[in-house]
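Each remark here refers to the structure printed beneath this line.
Lettered A, B, C, D and E in written order, each chain numbered from 1.
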Amino acid sequence: MSEYKPKIVALVCNWCTYTAADLAGTSRLSYPAEIRMIRLMCTGMIDQKYILKAFLDGADGVFIGGCHPGDCHYIDGNIKAEKRIGGTRNLLSQFGFEPDRLALQWIGASEGPEFQHNMTAFVERITALGPSQVADRMIL
Amino acid sequence: MNEPTDTIKSHAPLRPSGIKPETCMACGTCSAGCPITGMEGFDPRKIVRMVLENRDQELIDSKLPWLCTMCGKCEHACPMGINIINIIRDIRGQVDRDKVPGQIHKGVELCLETGNNIGLPGEDFTFIIGDVAEEMAEEEGFEDFVPPIDKKGASLLHTLHNKLVNTQNEDLVHWWKIFHAAKEDFTMTSENWEGVNWGLFSGDDEAMKIIVGRIVDHMDTLRIEHLMYPE
Amino acid sequence: MATRSGLEKWFPEFFEKHKAFTVFDLLVTYISSGRITLDKNLFTMKIAYHDPCNYGRKSEEKFGHGYYEEPRWILSQFVSNWVDLYPAGANGYCCGGGGGTMLTPYKEVRSHYSRKKIEQIKRVNPELIVLPCHSCHGQIKQALAENNMDIPVKYLWEIVAEALIMD
Amino acid sequence: MNIHTVIAGAGISGIRAAFDLAELGHRVVLLDKAPSSGGILSQLDHQFPDNHCGMCTLLPMIDRDKGPQFCLRKGIFHDHVTFIPSAEIVSVKGPAGQLSVVVEKQHTGIDPLKCMACGSCESVCPVSVPDGFNEGYSTRKAVFLPVPHQIPNHRIIDFSVCTRCGECVKACPVSAINLDGEARKLEFNPVNAVILATGSGQYDPAQSDLYGFGVLPNVVTSKGLERIMSSSGPSKGQLFRPSDNKPIKRMAFLQCVGSRNLMENADHCSSVCCMFAVKEAVMACEKSHDDLTVSIFYMDMRTFGRDFQRYKDQAETSHGLRFIRCRVHSVEPCENTDGMKISYVNDKGMYMEETVDLVVLSTGKKTGLTHPDFYQNEGVFALSDTFDFKDIGESLVAADVAAGKAMALGGPPHTPEQRIFDTQRLSKKAMPLLVLCQCGNNLSNDLDLDLIESHLSAMPGAPQILKLEQACGAAGFESIGTALTSSQANRVVIAACNPFLFDHKIKALARDAQLPDGFFKTLDMRSHVTGKTKNEQTQSLLSQIKSTVNSLNLTLPVYREKRTVTPSALVVGGGPAGLSAAFCLASAGIDVDLLDKESQLGGNGIHFSPGPEKNSLDKLLSSVTNHPKIRVHPATCLTRHQGLAGVFTATITTPNAVEQKIPHGAAIVATGGGQAQTLDYCASQHNGILSVFDLAKGLGDKTLNPLDFSKVVMIQCAGTREEPRNYCSRICCTKALLNAIAIKEANPSASIHIFYRDMMSYGESEKIYTRARQAGILFIPFDLHKKPQVAVNNQTIHVTGFDPVLQEDVQLAPDLLVLSTGIVPTDNQIISKIFHINTTQDGFLKEANSKWRPVDSGREGIFVCGLARAPLGFQEAMDEGISAAMRALRILGRPFLETPQVTARVRHSLCSRCQACIPECPYQARYLDEENGKIMVDSVSCQGCGACASLCPNSSIMMGQFEEKGIMDSIEFFLNEACP
Amino acid sequence: MMMYPLNSPDQGIVQTVRSMLQELLGKKLADAVLVLASNPWSDVPMPTLFTDPDRMEGVDPLAPVAPVSSARQASALTRSPSGKTVVLVLRPCEIRALIELVKLNQCSLENAIIISMDCLGRMENKIFSDEAKTGPGITERFLSSPELQGKITTTCSTCNDFLPENADITLCTLGAEPGHMGFEALTDKGKALLESLGFKKGDDLPKRKQDIAALADKRSLSKKELFDATALQMSTIDGFQTFIGRCLNCYNCRTACPVCYCKECVFLTDVFAHPPELLLERATRRGAVKMPTDTSMFHLTRLSHIGHACVGCGQCSSVCPSDIQVADMFRTVSEKTQAFFNYTPGRDVTEPIPQLVVRNGKRGD
């Protein structure tokens, strides 16, 4: 078995974190290959099902990146997300998922370095946690 | 209530910008920058404020104007360009002469009387000059130096700071040496040789004018073309 | 300063017949015209220059020109390591003895004032202080002594005189 | 293409003016001297009150598809706006409406059409100079990215430092660099109007010997601090001392550097620095977890915006900011450390000294800027006070006013593009076309495109694949067009680099193929492909392609509702704001119903005394009352307001109690305000106690005679700027100053004392304050805990105050005491309920966003302006009226409103009508249609955030292009990538 | 709180309650009554909507059975305003569910009078039916027989929320001597009703406090045991998977659930309608995939959608054809969810649903 590489889904908002990711990309600030990014218009758009789906489908970590509070293009979508994601994290933790596997971070549009830093740190954190208990199960 | 007219505020001299002291916005720059703010109640901003309120007499009666070195650092940063130094000098000038503290007015009086601020008699002056010059002539390169006094038609008038003929004779020679090396045709005067004009500090325009007038007289009577400003 | 403003105020016709020079004007003329030559190896120590208010700010205000550049030019002609105090020039600190305060009995205020000068000097820590003013000379010497600082103080023309090369 | 307006200056005002006009269907050229857009805001990431960005809030909300849907800091991408960087207008000739505008575009060395932003040039450039973007706190090369986050992100060459060594030319893989080019002249002709929005520069503190700027490394400007704290700044957002990267424990802000200074020829206030400093102080405290002492040295804290005072108070209490009322003389270094010493006089009159690690200079605006010579040409409109610093909200209002003038010169009537869709093609099963760009074979080292191709062909709903050598060139696009014509493909994915650049071209492709824009997607092969090895990168791209293709396959054509706009407006309130709004709308050809509950129009203006303000109001009044497009309804109340943007209905009650319905497309609320009452300072106990406004009125109509007053005392902020009315009313200080000057001029022997907390003579009114002092009026500042005391005994008014300068009590027995009681809104309680819009805690109508949407209410189609929204001056109120009118015109100026692509849609068959989505919508775009028992989306107000969709448990809400299934499938693809 | 005790009513408890409800209709104090009533065609009483007092002979609200949550029926009845006053006789958990449904605009309590009871629990239908067959008066027997009371569902025997909140009137049996009971008015409306029916205010039932405390203690203890065991099993995804391993995606649990209010479940929509390719691809990746798929997803999604609102009625377990103790899982997990959001379902109609409203607590008008 080769070196463990976590599977990570990043759900990011179009306005801030995606822009930061883009800035990181264009600034050649490389971030780990394990990240698979899905752009949404707003973190407020994130249905809890997406997170559940990701974990049940074998994600080792789910990263959600949105605008800083007050920064949301849609006024308060990020705050809604924070509340909802808090609930989901609470739910998942009851089923033995380490709460750390689900991260919510605010990364502003000009924060390319923060994006890189957060991604790297998240991958490190997940790598340290090891594979999720779902890995290689047949459940869905 | 009518405004009194002959007040410091009303005749406070304007800086070239023409700014009236009323323009002061009490921002505190002057007081923040003055090293003696707070000493014995000194506070430039307060002084300006008092001037604006026509509290002239309080200022005249206080020692505040005499604490100020009139260095102008306050004015330098004053965003409104208030002429604080001239206000100080105006106050100083309105103080009864016998109430001027320390040596300033006494020096002025002596100068008017004797031609120098320390009242040094003429023969003492000549002796000191001669004595110091003799010593200097012992140094290499200055052997032929003779101090010129009252030399008619000299090119440059050299006045002296009283302390050079008083406590600090050794400092007399520096300019002599330079003049000597530069082959400058200079002269000193035996009378009214004082270069320092304390009328400026005491706010005494009358005395100041007389003392400056003496230099003009020297230049005219000795037919000297050039003047080296004393200070 | 007093003489010049007095002349300008009460004897404007003086300038029709005469020319007047400041100490700097004379020194600059002597040096630049070669009337005096100065030894460049004499003043190699760290020298701090002090701007007197009269030649700086007040001259600037009264006569439209502050003598900041001239003394520095003169120093640069023969002093290898001269430094400025901070702040210097138009925002420089008075020695504490200006305005005739040397002649008043308020010595305490005067020493308090000069603490600023002393702080400035301490920051630079020179081996010699040079200045072109009798008042400043007296006050700074006194202030140094009060602060137990053993740094010599000389007139600008004094070091010029000392550096003269007589042929 | 016809250009209607050329706008010089792509700062926030220029951008706003450009969007204003673009939304009206005008074609705009926007240019900037700088190589980037955004002006000063490109360097500032954070704005109070929330201390974050929010610039994207400025993007067009109506017809979103025409504008960009990504961060505005990246650049300006709008179908109707062409942005030209590094360019300036050199001449404007001809009559308005037919101007010939010549623009000079600098040669920047790199051909943007060839450059692929690889950065090789920069890596070989040997030059290193301080980077202006970071205010000199980092270095850059001679060839550099002026703003790192901007798109297009090709570099430019700074020829002033370039050594022309030619290394970059050698390094460029696509020969895009030319060191010898020259500036090009572009001519636009005919152009309707030119708008000058070139803005102001900042005062350079290095020109003063007081602050040590440029000498002491830890003296920075406020902008410098902004860079130091910025994530894209030199320390990546860490707050460090520039000299030694040590943490900062003590920080001092010096206000009014270069402002309020007659010696610097700056008899003005720069208006924004106070709040800027407070904001930065708060950010710095937050960054250092409050392990920081911040002192702000000020003369007057100019918190004159509606919500500023509370922001400042909050900052003071929660972060312990120290506000010290003293202008600092100069900054000196400490002995033996990199710290600095600052001396000041405290509120006890004591001389204090303290040491700080960082000194921040709140530098004001630059003075002595001059307009170009064509400034006064007909058809050229400079933003009001172009060279002033303004709060963002006010800048936008000024931009709207200028855009309004440009618009008034005529432009195209808004003719929305008639899109034809190939319904037959659309109704077929999804058939995707995948364009794979090989980037001139530059990608072959990183990606195995063949493998991708073979793998994709096995995918369900497999795309047709078109491999192109270079997709971004003209040839590339032609091939895509051909492929679309020759196939039945009805979805397109373009995998290439820099997809932002394709925005325009893709829209053109979509138009030609008669497909919706949303059926085209781009995928960034460079910046979003992760991984180190070729295999990893190929895999990353493959799964992204699969996910994109799949979600496109799932994307269905959006039902595009066409809402016919009622081309008339309702303006409620006939004061200065309402009048100017009505006139602006009518001038644009819109019918206006202007309501006022009073029988006479003019609002507070009816009390104006003769003078320029009265003249301009009278002129406006007669223009309004005589305008054929404006119907004035005096003494009329609004009782009900229903409907949606574009199709509102108002119910009004006329003076004779008749109900009438007025259909309209947009409404402007300008119901005004009036002077507040106070019980403080014995306000009603003596007839010699007046309010500042009553005195102004009395002096104006000569019912009060200045000669009757020998001793006058004025007290500012009476009952205001403290809870519960903790806001500045903005105009009282200036009014008081003018009153005082008027008295003093007529009666020079009168003594006048003004007690004030912070003299709010912002901007150019500073000159009035200076004039007042010079007139001999005495000003005494006071703090809340040391207010002046007023007593009335035996018919005499006694005022006791404390003069902090003299540290003495002041006893006065004035014959006239004037109180500045401030302004309160009228009628907002009722009006906010009728319109379903929010109010602030003080009862002012709350705008959607004080910075970026200053006159929008929270509901699309309803706009707020004037005193009803915030205290402001006459001219400011009129400007806001125009701003509101311009916003309304975005709707009224078009025949119908269409549903943008990313919009929520309700599947009624699934909807349980729980109505949870209604309050969840931040745009009030959802409502219950009671008649049909259905939850509806107001597709014009909906901005596509998807909060409703994620909330709805049975997924009855579909987000165009972000359908749940597509996202779920993407997750599945990503997590189950098979190694190709 | 006001007690209207009835000492040793001649007709017995069931008939007393029945008469009281009949009188409500007879005196036109209400237009209709929704209450559990037996009918000849069913072996268990069913919720029945009465308007004619003469048809109310089968009314038996205290019968220890609830074949369906009456909250759903109550909701259907009050979904849109009818202008009629309806008496809803509901168990405490049903009221809680109803309150949640009010928050979701699925019904309204505007014209409703709610009568509830000291809930001693319900039996599964089959057990009830069997017990009922053993002799007449199952309800009266149940009320006095600890043995029969031991046959209630696991959910009920571990429920310590057996006293109603948000009712107008409670039918009290706890603390009463055998065969005695009381009517308790919880609201002014309830008080007025009871008084217009001629009930006389009296002392609280003699042992009421002690009996309630004793039952609460007993229930809490068993609840803790159950929740601890369930939480342990849920603490890994394997445990969870084992717990729901038999799930056949019948969606009975969500149909029976009184707070699962969606008109159509998202799992029945196109979002989860997978094409064969996708199913095959899933299997290909893992080598094996259990069918039907998305069962874990279903239960977790339901937990995340309505975990905060679970009122612990146990209907989901009762209706599961695969005998999955869905309620045990739901109640255990939801208890923590509710603690996390500091939310108690059914407590107060004005308490905002935690995951929904975040806009400064402000709903648009």
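Definition applied: a contact is a pair of C-beta atoms (placed from the backbone, for glycine too) under 8 Å apart; a residue touches a chain by one contact, two chains touch by 3 or more.
Treat the numbers as computed from the prediction; the structure is a model and nothing was measured.
*Asks:* Could you tell me which chains are in contact with chain A and with chain B alike?
*Replies:* For chain A paired with chain B, the chains in contact with each are D, in label order.
*Asks:* Chain by chain, through touching neighbours only, how many steps does the shortest route from chain B to chain E take?
*Replies:* 2
*Asks:* Any chance you could name the chains that touch chain B and chain D both?
*Replies:* C
*Asks:* With centres defined as the mean of C-alpha atoms, identify the chain lying farthest from chain A.
*Replies:* B
*Asks:* In terms of C-beta pairs in contact, which of A-E and A-D ranks higher?
*Replies:* The comparison resolves to A-D.
*Asks:* Determine the chain that sits nearest the middle of the structure, using the mean of its CA atoms as its centre.
*Replies:* Closest to the centre of all protein C-alpha atoms: chain D.
*Asks:* Return the chain whose centre of C-alpha atoms lies at maximal distance from the corresponding centre of chain C.
*Replies:* E
*Asks:* Using mean CA coordinates as chain centres, what's the chain B-chain C distance in Å?
*Replies:* 15
*Asks:* Could you please state the distance in Å, as a whole number, between where the Cα atoms of chain C are centred and where those of chain D are centred?
*Replies:* 55
*Asks:* Could you tell me the distance, in whole angstrom, between the mean C-alpha positions of chain D and chain E?
*Replies:* Result: the chain centres lie 54 Å from each other.
*Asks:* Using Cα averages as centroids, what's the distance between chain C and chain E in whole Å?
*Replies:* Each chain's C-alpha centroid was found; their separation is 98 Å.
*Asks:* Two or more other chains touching the same residue: where does that happen in chain C?
*Replies:* Residues 90-91.
*Asks:* Which residues does chain B have that touch at least 2 chains other than itself?
*Replies:* Residues 73, 77 of chain B each touch two or more of the other chains.
*Asks:* Which residue numbers or ranges of chain A touch two or more of the other chains?
*Replies:* 48-49, 53, 76, 80, 84
*Asks:* Which chain pairs here would you call touching?
*Replies:* A-D, A-E, B-C, B-D, C-D, D-E
*Asks:* Where on chain D does chain E make contact in their complex?
*Replies:* 460, 833, 836, 909-916, 918-922, 924, 951, 953-956, 964-965, 968-969, 972, 976, 978
*Asks:* Quick one: which bits of chain B touch chain D in the complex? Just the residue numbers, please.
*Replies:* For chain B paired with chain D, touching residues are 1-3, 17, 19-20, 22-34, 37-38, 43, 45-46, 49-50, 52-53, 73-74, 77-81.
*Asks:* Looking at the complex, which residues from chain C come into contact with chain D?
*Replies:* Interface residues on the chain C side: 86-87, 89-91, 119, 122-123.
*Asks:* Which of the residues in chain E come into contact with chain D in the complex?
*Replies:* Touching chain D: residues 104-106, 261-266, 269-271, 275, 277-278, 281-282, 285, 305-306, 353, 355-359, 362-365 of chain E.
*Asks:* Looking at the complex, which residues from chain D come into contact with chain C?
*Replies:* Going through chain D, the ones touching chain C are 209-210, 212, 215, 330, 332-333, 335.
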